[in-house]
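Note sheet for the following structure.
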């Protein structure tokens, strides 16, 4: 037995015990289950995870630097692509921060539209989370169901904003277009369908023994540990504290809407799943309240000509663009309007000097925008405090003593979107 | 059989050699077409979704815009088992070597679709962090513009790639 | 607590406090940073126990050049405070607050990565967003926007304003 050199190598001290080493393997950045380009350096002892180090930066896009070279309105197109699964929240944080610097407020109808689209985005984002988490943990048909429902929501987005993702719909001063005439009908159809579909997901997953086995007791993060690590969103609420920016520091009139903030106490992956399912139902409730408030017409953009986006956009057969009536107005009817349009588009608006931090509650947690202006027509500093960036810091402590299979479940329950993490 | 003598090609060769070559060409052309048809019928992409375009790629593979109609719903995680790489999303400087490594690990024949403007040309991110077009790293067969391209646009790009494979595929 | 009242409370500890747009900003000297943050956290009426974000802004030409800002909030009282520290260009170092707020770990790494500000006492101050062998700190105002270098086999595409094709 201890004859050949290979065997001898394994028994260094002659005691007869085999030498044991931990194995360092790399998971990602190209991996089907890491929710994007996340790289995990896992030190494994067999199937047990000894330590885990997340390495990010594989999607670093330089959005913050790019925003400093573009006008204020152009920045919206950049920040909307940071956390690409919740583009409306990115736009909302940026626009609210810029509006606070300007000292203006969007008209009430614009605020209702903002809440409406944000809550629908929350539903869409949670559906993607459910779809990909189900796929990774083996419930492969959840992928198809999640994306099927998401297509209904994206249909509404496309009819209203012209795009399925990365909309640039919220602008500084309001929103760029009102809902199309059939918008409320489509949204009511969504409200009619979704509760039944969410019920379907609960019937498939909630009492499923495999789902429970893979999620209950896995990746537990206690409330004080979560708060110390800066975790926010469903990950924190699943551990107990009912911290939600919509309730703590309301914006866009959230204090006038009726909704609950779901929490759980266990702080494990199953609790996060339960919290997100419940959040989808609460979002549907808010969407219903928004629809009732949209019955009266009103302006959707501030009136101040120095600030409002001059053009009227329209969703045409080939996408979104200036409405033909507006093009005729500036090209044929009014020279002043053409000059004004030109100046607003190329030079943009001037924002008074100052700094502002605006948090919003995105599907992943507290999304904060720290905007610094030096008085010019370009942002001086745009800092995006992304919730996934901070939530990923909690992953090593959640994986203490876990198995390799639990790594998948834990990462999925964190719901990281690498576009936001790396910006 | 009489064979048209092509100048420069058939000089100095016997008729029987040329006949043999033509017959061999016909056989291989038929084989080319058969193999190319088979290759395009079930091209398996490797999972290389990076950013927003990845979500649209997943939506293309999901129920509403079903990629399974063309045998492509199976996104292989391992590049060794894939023959198509859809670069979906912005490629950062840190990710570029990884992209090339995964491409190198794919066996021949392989094709690349560059999905979205960020992969095709850097997109709106003309800055220090993003590779301005993945064609400086891997050879691209089809560019699909859009930010992000709608699933129908990606499907059109995939079908154009299928046409390219079907008409230009070579066995030898 | 309303912004005005909060400002008064904080001013009792830190003299340099401003209120603008409903937000309270306190400017702290770098040598007193850790002490002040701990004091703000342990005070019962203030209770700033949650650190949302750590970031920096570069003002080349001004003295001090870098301004690092800490966004604090209170889970108990639900008010917010911004603490800012100014550091000079030639001595861009700050004590790390990871001992007080473990969440500052990656935030400080990102600030180091993008600005080159060194945080003394940080457990693992390495680059986080950019490749480990990257040279330079891109978010500084003195660095250019468009490095269009595709770092593969020396291929180079000029920045947008200098392209001919």
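Labels A, B and C are assigned to the chains in the order they are written; within every chain, residues are numbered from 1.
Basically, contacts are C-beta pairs under 8 Å (C-beta built on N, C-alpha and C of every residue); 3 or more make two chains touch, one makes a residue touch a chain.
None of these values were measured; they are calculated from a predicted model.
With every chain reduced to the mean of its CA atoms, the largest distance from chain A is reached by B.
Two chain pairs are in question, A-B and B-C; the one with more C-beta pairs in contact is A-B. We define each chain's centre as the mean of its Cα atoms; on that basis chain A and chain C are separated by 23 Å. Work out the mean CA point of chain A and of chain B, and you get 32 Å between them. Each chain gets one centre point, the mean of its Cα atoms, and the points for chain B and chain C are 45 Å apart.
Across the assembly, chain A contributes residues 57, 60, 62, 65-66, 422 that each touch 2 or more other chains. Under the contact definition stated at the top, the residues of chain C that touch 2 or more other chains are 130-131, 138, 145. Shown for chain B are the residues in touch with two or more other chains, namely 93-94, 126-129. Across the interface of their complex, chain C is touched by residues 56-57, 60, 62, 64-66, 68-69, 100-101, 103, 227-231, 241, 243, 248-249, 354-357, 359, 366, 368, 370, 372, 380-381, 383, 385, 389-390, 392-393, 422-423 of chain A. Taken in their complex, chain C has these residues touching chain A: 20-23, 25, 49-53, 55, 57-58, 69, 71, 75, 78, 80, 82, 101-103, 105-107, 110, 114, 127-131, 138-139, 141, 145. Residues 93-94, 96-97, 100, 122, 126-129, 131-133, 136-137 of chain B touch chain C in their complex.
Residues of chain C touching chain B in their complex: 130-131, 134, 138, 143-152, 155, 157, 159-160. Per the touch definition, chain A reaches chain B in the complex via residues 29-32, 36-37, 57-63, 65-66, 77-78, 81, 84-85, 128, 131-132, 143-144, 147-148, 150-151, 154, 164-166, 418-419, 422.
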